[in-house]
Amino acid sequence: MPEQVHRLPVRVYYEDTDFSGRVYHASYLRFFERGRTEWLRSFGLQHDRLAQREGAAFAIRKLQVEFFLGATIDDLLEIVTRLQELRGPTLTFQQSVIRAETTITSAIVDVVTIRNERAVRPPRELLAALARIRGQ
Amino acid sequence: MPEQVHRLPVRVYYEDTDFSGRVYHASYLRFFERGRTEWLRSFGLQHDRLAQREGAAFAIRKLQVEFFLGATIDDLLEIVTRLQELRGPTLTFQQSVIRAETTITSAIVDVVTIRNERAVRPPRELLAALARIRGQ
Amino acid sequence: MPEQVHRLPVRVYYEDTDFSGRVYHASYLRFFERGRTEWLRSFGLQHDRLAQREGAAFAIRKLQVEFFLGATIDDLLEIVTRLQELRGPTLTFQQSVIRAETTITSAIVDVVTIRNERAVRPPRELLAALARIRGQ
Amino acid sequence: MPEQVHRLPVRVYYEDTDFSGRVYHASYLRFFERGRTEWLRSFGLQHDRLAQREGAAFAIRKLQVEFFLGATIDDLLEIVTRLQELRGPTLTFQQSVIRAETTITSAIVDVVTIRNERAVRPPRELLAALARIRGQ
């Protein structure tokens, strides 16, 4: 698997917090999804074009998330995204939210590629890009 | 215009609040949208079928919102929805959020009907339903 | 453990959907949280009073979610919530999203009780309520 | 009033879109709020420190939003924020969402400063920063 690690800075805004004064737990899933989207964009790919050119979209199949600490408003976080495994239609990501070198939250996310309502092999453009990295 | 007023109870959850301890201002727009959707459903209409049968969808054109008081977690609110005016493609709604008979937030919302990317007359089924009420 | 199962109807609105035409994956976490909040309320407890009376709040420690099918706008879902285990400060919930008797999504959620920034035994009022059920 | 205009790039993600394939209308309010927060940060101020040092928070009093076009997933937007007026406790902002030099959405937002549940003059640090700009 490509050892490439993608890092995305994310600022915490009002919208991400809740009544407890901390970041709402589901907001981390939005941050992780931004991380995977920017990981994809780092290969020159993006959702709208994949939908148009290959009729392909992504769907989450499984999530395992652990919450260690709470982020708060105005925090500057880093979303770390690494493709851990590629097997059949499933991309397994290892992701984490880091604040000042401390892990706040970590996740394993299984994503499948969908075409015509069925799980299929990932988009050719993505497979080609991953092969190029592996070959390096 | 039909004098019918639609009332929808809405409970405030964690997801609706922010760091200030109160409801996040954009959450009220989600509540108003639920109110308009249930107003529509009270006529037997819903978004998925309108999209399939008439190729019609709704888009917001203009919002004017005033915030008088802040709701907090566990509050039970009432979303009040009234069609104020129907002119060409535009439905103008007068909406408010009520807690224990006090107005928390009020809004005027202009919604247009969209078909093939163009603003068109509201769906026939809705016009027919509105005409029936007016005739009563 | 109390065998009580809590069921909460939830309607899918515009706010819950995304570009794929289906419910956004993080929206299910909001639905699950509404389910746990209403499970709590079924014992006469609610977040604001627990915060005031016991200085207690809840935080998610771990989530495991599986997504089997996609819900769409206007769907009427049922959120099923069951307390699976209570061990030290941790409440483990088994939850699912049901549409017309089919499971759309299921989750195991570990929640801890927090007081003064530390994980503590669940609120006394909740333990008392759970003991009453067990005794029945 | 300071003629300073603040510009914040914002990428559209899955979380921002809805079933219509476009950006959900309330998502623009989240974008505007990010813009005002970064405008504030451009003066060296941020929400958590204002809350701690001055017991001050901001609340929205009034919103007027017009929606001209719809943004879609993967769009790169620019949030433009300008303080239009400062009168008593009220900061009036003129904001817009721009895509490739076209205005998608524009808003007038009245924000008040709150201390001990009452509307008060804006934080001293902000007034001082605004006076410095005006003096330039």
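Labels for the chains are A, B, C and D, by order of writing; each one numbers its residues from 1.
Note that in this section a residue touches a chain if its C-beta (ideal position, glycine included) is under 8 Å from a C-beta of that chain, and two chains touch if they have at least 3 such contacts.
Remember, it's a predicted structure, so these values are computed and weren't measured experimentally.
Q: With respect to inter-chain C-beta contacts, which pair, C-D or A-C, contains the greater number?
A: Looking at contacts between chains, A-C has the larger number.
Q: Report same or different for the subunit A and subunit B interface, where same means the shared residue numbers exceed half of all residue numbers found there.
A: The interface is built from the same residue numbers on each side, given that over half of them are used by both copies.
Q: Farthest from subunit A in C-alpha centre terms, which chain would that be?
A: The most remote chain is B.
Q: How far is the middle of subunit A from the middle of subunit C, if each middle is the mean of its Cα atoms, in Å?
A: 25
Q: Give, as an integer number of Å, the spacing between the C-alpha centres of subunit D and subunit C.
A: The mean C-alpha positions of subunit C and subunit D differ by 34 Å.
Q: Taking each residue of subunit A in turn, which ones touch at least two of the other chains?
A: In subunit A, the residues touching two or more other chains are 14-15, 19-20, 26, 30, 33, 47, 72-73.
Q: Could you tell me which shape the graph of touching chains takes: line, ring, star, complete or other?
A: Complete.
Q: Spell out the part of subunit C that touches subunit A in their complex, as residue ranges.
A: 19-20, 22, 25-27, 29-30, 33, 47, 57, 59-67, 70
Q: Considering the complex alone, what residue numbers of subunit A touch subunit D?
A: Result: residues 11, 13-15, 30, 33-34, 37, 46-49, 72-74 of subunit A touch subunit D.
Q: Could you list, by residue number, the parts of subunit D that touch subunit C in their complex?
A: Result: residues 14-15, 17-21, 24, 26, 72-73 of subunit D touch subunit C.
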